[in-house]
Amino acid sequence: MAGRNHLFVPGPTNCPHEVLSAMHVPMEDHRSPIFPNLLKPILEDLKKIFRTEAGQCFTFPATGTAGWEVALTNCLNQGDKVLIYRFGQFGHLWAEAARKLGFDVEIHQVEWGKGIPLDHLEARLKDDKNHEIKAVLATHNETSTGVTSSIPGVRKAMDNAAHPALLFVDGVSSIASIDFRMDEWGVDAAISGSQKGFMLPAGLAILCFSQKALAATESSTFPRSFFSLKDMAASNKDGYTPYTPSTPMLHGLRKALDLLLEEGIENVYARHHRLGEGVRRAVAAWGLKICAQPGFESDTVTAVVVPADKDARDVIATAYRKYNISLGAGLTEVSGKVFRIGHIGDMNDVSLLGAIAGVEMAMLDHGFDIKAGSGVGAAVEYYRSTAK
Amino acid sequence: MAGRNHLFVPGPTNCPHEVLSAMHVPMEDHRSPIFPNLLKPILEDLKKIFRTEAGQCFTFPATGTAGWEVALTNCLNQGDKVLIYRFGQFGHLWAEAARKLGFDVEIHQVEWGKGIPLDHLEARLKDDKNHEIKAVLATHNETSTGVTSSIPGVRKAMDNAAHPALLFVDGVSSIASIDFRMDEWGVDAAISGSQKGFMLPAGLAILCFSQKALAATESSTFPRSFFSLKDMAASNKDGYTPYTPSTPMLHGLRKALDLLLEEGIENVYARHHRLGEGVRRAVAAWGLKICAQPGFESDTVTAVVVPADKDARDVIATAYRKYNISLGAGLTEVSGKVFRIGHIGDMNDVSLLGAIAGVEMAMLDHGFDIKAGSGVGAAVEYYRSTAK
Amino acid sequence: MAGRNHLFVPGPTNCPHEVLSAMHVPMEDHRSPIFPNLLKPILEDLKKIFRTEAGQCFTFPATGTAGWEVALTNCLNQGDKVLIYRFGQFGHLWAEAARKLGFDVEIHQVEWGKGIPLDHLEARLKDDKNHEIKAVLATHNETSTGVTSSIPGVRKAMDNAAHPALLFVDGVSSIASIDFRMDEWGVDAAISGSQKGFMLPAGLAILCFSQKALAATESSTFPRSFFSLKDMAASNKDGYTPYTPSTPMLHGLRKALDLLLEEGIENVYARHHRLGEGVRRAVAAWGLKICAQPGFESDTVTAVVVPADKDARDVIATAYRKYNISLGAGLTEVSGKVFRIGHIGDMNDVSLLGAIAGVEMAMLDHGFDIKAGSGVGAAVEYYRSTAK
Amino acid sequence: MAGRNHLFVPGPTNCPHEVLSAMHVPMEDHRSPIFPNLLKPILEDLKKIFRTEAGQCFTFPATGTAGWEVALTNCLNQGDKVLIYRFGQFGHLWAEAARKLGFDVEIHQVEWGKGIPLDHLEARLKDDKNHEIKAVLATHNETSTGVTSSIPGVRKAMDNAAHPALLFVDGVSSIASIDFRMDEWGVDAAISGSQKGFMLPAGLAILCFSQKALAATESSTFPRSFFSLKDMAASNKDGYTPYTPSTPMLHGLRKALDLLLEEGIENVYARHHRLGEGVRRAVAAWGLKICAQPGFESDTVTAVVVPADKDARDVIATAYRKYNISLGAGLTEVSGKVFRIGHIGDMNDVSLLGAIAGVEMAMLDHGFDIKAGSGVGAAVEYYRSTAK
């Protein structure tokens, strides 16, 4: 098909051409004396994205999914109890990963569309007098439903309960896109991946650990090797890695960090907020609802709920085959009920207006009762009135 | 600025990523025994784009502007009379090039918005009993006004007048995008450039000459060296070039030809027609007019006329600075009166819908009396009802 | 420094420009209907490289080091006894990985320079009457010493002992470069990585498992999640992956496989043999020895032993700083005693002649008693007399 | 064939990967307000390469061959007499270009292997009492023979004769590689191309004109359009170009200039001198001669003369087909008598040692009486004793 594919899945996101070109490099010796000149500043600059001074950042040549495992297996012991609220597919998968790894996973099901219920959390933690819960697993931005939970709220609930559990946060689709503050929010392990807000291909788990979490790795006896934080930290200290890194990914990350820091992380957040709000205005203009309930709207991905007599999969298939737009599907529970528009990463108003218009075409093709141009018109008004 | 630049100037056009990657190659010896394996099939396949069997194709490492000069200086003699109708900036520049090169340029001014007046042409040629006019210079698609002239009509006028002049056609912004037929229309020199329908960076004049034109080069005494068709033809015969070619550009052209031939040249024409028509529907929905008068609408570029109290330059500047859209400016006579939306090359519905939405934002910012979403809505309806 | 870096570490190896360009692609939806068109043929074609019909190939977005872990944690149970002969750094690290993961690792130290002692192995297996040894971990090509062990010999020893242990082979620096036959040699798990013979950046563990090994995964209770073969196999069945893959790496692998299969895997082996033999001739001409003892010479990497009064690190540092050549260092036990020349991957005679000449310069700079041109001369004679 | 092609033709030269990546960019609007930010600093920085403060630099989207024409047609009038000494193929072609363009070309044939005979030049100019000679065309570095002429010597001869002719210098294979000084040597038009010392693909004529030459353009009546310096200068003044430029080539040139200026132009000269001298030592060690006579040796290309009973074309063909080395052929008069090794551009010691070794293989294959390793050995000794 002529023309570009319009990629609006919530990851992998669009790579800026500067990042792709930065990755187009000859291979190099990762044990050379100059390799640390590449790695060390990356690890330092990552701290500016995670908003930490006390924490320590790491990259593993794997994915965000592996990041969950790194946090679990390095900071906990086999069989430890962990608490998770499940309100979407990625929370589900994280719980599954913990279960497979042998942890005692306490899952609380939450209605899809809502986030972590803070009162319930606080009550549950207060109830855990023996501190059997060793870690709270919090999905900051649930990509499958477009729901953002309040991590400061989670921290407050933990503090109110004076509970010593570690706070692990899945920030795969939030960090480097929407407000995240490692130190201020008392996060112990923050987990992200390269293919979302970092605007790279998949292939790096990008992590940050608090000193408390790092201390916990010392006592953990969980069997681990490739994902050993201790080994990684020991090599990183001198600017190296315990096994061969992907130097192209590191060069790409270097460039992505340059772009993020040049824009300014607060401006990145503001941009994503505007992008998300424009999409929400379009959805409202169509007379449709989004999956996220008020107060939980995500600025990186919007799950649009289709009317009961429609199948969202038709919209997605038509958008892809007829218009070369890639949308996110509804996963498991909401399969067929929602389609998702990713607005994360290297994105701007006009890209999204194209996506909204394309979605209109696909919906009209399937007999949705919407007016052509209505969604775009609402977004046009919003974007132009808020653009600098 | 985050996100991609949205490029809707009518050239250079967007390069498909396959083309850019095909150009990312190590340098190579252009005198190697395998170099002809690259060049010869390109020259053959170009004939499928120019729609010729009898003609011969050439590429010069220069631009479309140089293509004008190649045709003029190889097929004519110094001081020869040439006839041109001027109805836009590129016709003007072609006439200027001919004048600078010492030709006797007979210019007929035509209202911008119209194309070649066929009746006038026929009458003028009939009047030229001594056949002093040696070549008719016809701008197929005037990029500055978005006007397409009828080349079959020009041919018919020449035939009706039984005039032996050569027919030179500037197809820079038409060939490989809208219907063009070298042999059927009796074109003697067709001139294009790499950065339009061929979806490459600027840097190649891409040309086709009829046998009649090639015969004329034999008798031409115009002083020329770098642009000598004869020298180029002599080297091309063996699959080489008389001086160092840009091998990356040739690899890119190879890939671009593959893409065009895979889509099918008739499908390429049809796609551009749909793209252009959608833009015209949007303009009509805004209540605005385009520069081209009925029957002259271009399928590769649309010049939108702004109301008398507005300055098109404001729209262009705002589109660029605030929304990262690159639009074409009105040139010379229509400066400030029109802005241009290029819809040529590697382009599809959703890209253009983004452009239309972006233009709406910029127009609203400058107080245009249009309804947000109106243009996009019209294009949405048109595109979706005509897409396969 | 002007001019290219000359990369002769035994991994990451030089990426062909076609592979790097194949990786320079926009991101895409890994859940699209066409994604399986990319992944499935890759997994099939990998079987041609591993030389298997009965086995099943996998890629994990990690590295060869992770590949060790995938084999261990999927096919064995916690605490199982594994047998390994350690004759270099990578065997050491594999043993360490197994130990960290809680396996009962029986290590037999072998003199660095030799490979697996087949008689000893056979005797040890015969002695293991209760079949407590669940897996034999065999390093096919020990990258740190340039030693290749006989895997058919290992298989024969196991068969002679009628021992049912699984045979795991680290083929990171052998597969896709030197003779390897999954089925014929009865290998149960073959482990490789993208950054060696596959000529890609690091970032993929590339694996092949026998049906026997896959059956063993069914009964394994080792806690695992990211590296679950079962989950990967379930997704792969439909052409997908359980989490986001690096699509650029898959496109690169597609191109690398095309290059390998076009050359012909037997020709790839023959080329590496010639490359390695030329280096050995050069070393002999210098009057130096290689680390590998006769019969164990590797065709992918040569470790050159420096005279007792010299420090190999000086050669490496000078080669890098003064001549922009990257050589492999001696690791741990042989640090300072050897430098390594990698001759693996996308490499040809002239590249290696440059490396040999560069090494001569660095050795002469440090007072080695060699004659300038002697090593190159020997390699020149060998290469030219054996080239096609 | 596996492994890279080893490119040692004296142009196109090897592009640094940074330059190729800089060219891998989306297309952009060359009339945007930020385009001058790209072009203007390039034109300024080019002055540092041409070593001029008074002169003005230009790039045309064409090749060095076109550069000859730009100088001739802008600064002279039709039929003007120009003086040229012909001692190689490129001088021949320049003379031919001038002849085709209608100039009165006075050619003095010089033995191939020597450069411009300064005494003869001075005498001839003194003899031209009426100053009929309007320009002296001097080939600084004759690429076909590997001969460098003294441009300061030419200037001195002109000054001694008090002759007002313009001095045009073909510096295609010298500028940005070997010592060149526009102002100090009183050059009026210096002509280069992108694909030599500038380390880019072909596609840009890179030029510098003195104020005297620019003044001459004012009175020239030669018919020209595409190559009009006046038009180019008028557009360049504001940072634009009179027709569509290749923005990728400009981005590539930007990066190439960064690399050259970072290395330091004097260091670039010194590097080329070392590279050339090493090759000459190798040739001497083989017992062969180079085409250039003493005092005329080029530091960018060496033409090696084969013994009378050998055909250099065999060496070139074998080097290419069997060893994947691209060497320069002997052109016209010296066809079969010489092969050429280019040592220009992004090149270092080890690359050239590979080339020398490869040439040894090809010569030995054809029964040359040389000792394997002899040439490399001589170069090894030279390079290592002179490297920093």
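Things to note:
So that you can tell them apart, the chains are marked A, B, C and D in the order they are listed, and the count of residues begins at 1 in each.
FYI, a residue touches a chain if its C-beta (ideal position, glycine included) is under 8 Å from a C-beta of that chain, and two chains touch if they have at least 3 such contacts.
Labels paired with UniProt names: A, B, C, D = Aminotransferase class V-fold PLP-dependent enzyme.
Note that the coordinates shown come from a computational prediction; the quantities given were computed from them, not determined experimentally.
Among the remaining chains, C is positioned farthest from chain B, on the basis of C-alpha centroids. In this structure, the chain pairs B-C and B-D differ in their number of contacting C-beta pairs, and the larger number is found at B-D. Rounded to a whole number, the gap between the C-alpha centres of chain B and chain C is 54 angstrom.
As a whole-number value, the distance joining the C-alpha centres of chain A and chain B reads 45 Å. One finds 35 Å separating the Cα centroids of chain B and chain D.
Chain contacts: chain D has residues 4, 14, 17, 20-21, 24-26 touching two or more partner chains. Against chain A, the residues of chain C that register as touching in their complex are 4-5, 7, 9, 11-15, 20-21, 23-33, 61-66, 68-69, 78, 96-97, 100-102, 193, 195, 201-203, 223-228, 242-249, 317, 320, 326, 329. For chain B in complex with chain A, the residues that touch the partner chain are 1-4, 6, 14, 16-17, 24, 259, 263, 268, 271, 322-325, 346-351, 353-358, 360-361, 364-365, 371-381, 383-384, 387-388.
Chain D contributes residues 17, 20-22, 24-26 to its touches with chain A in the complex.
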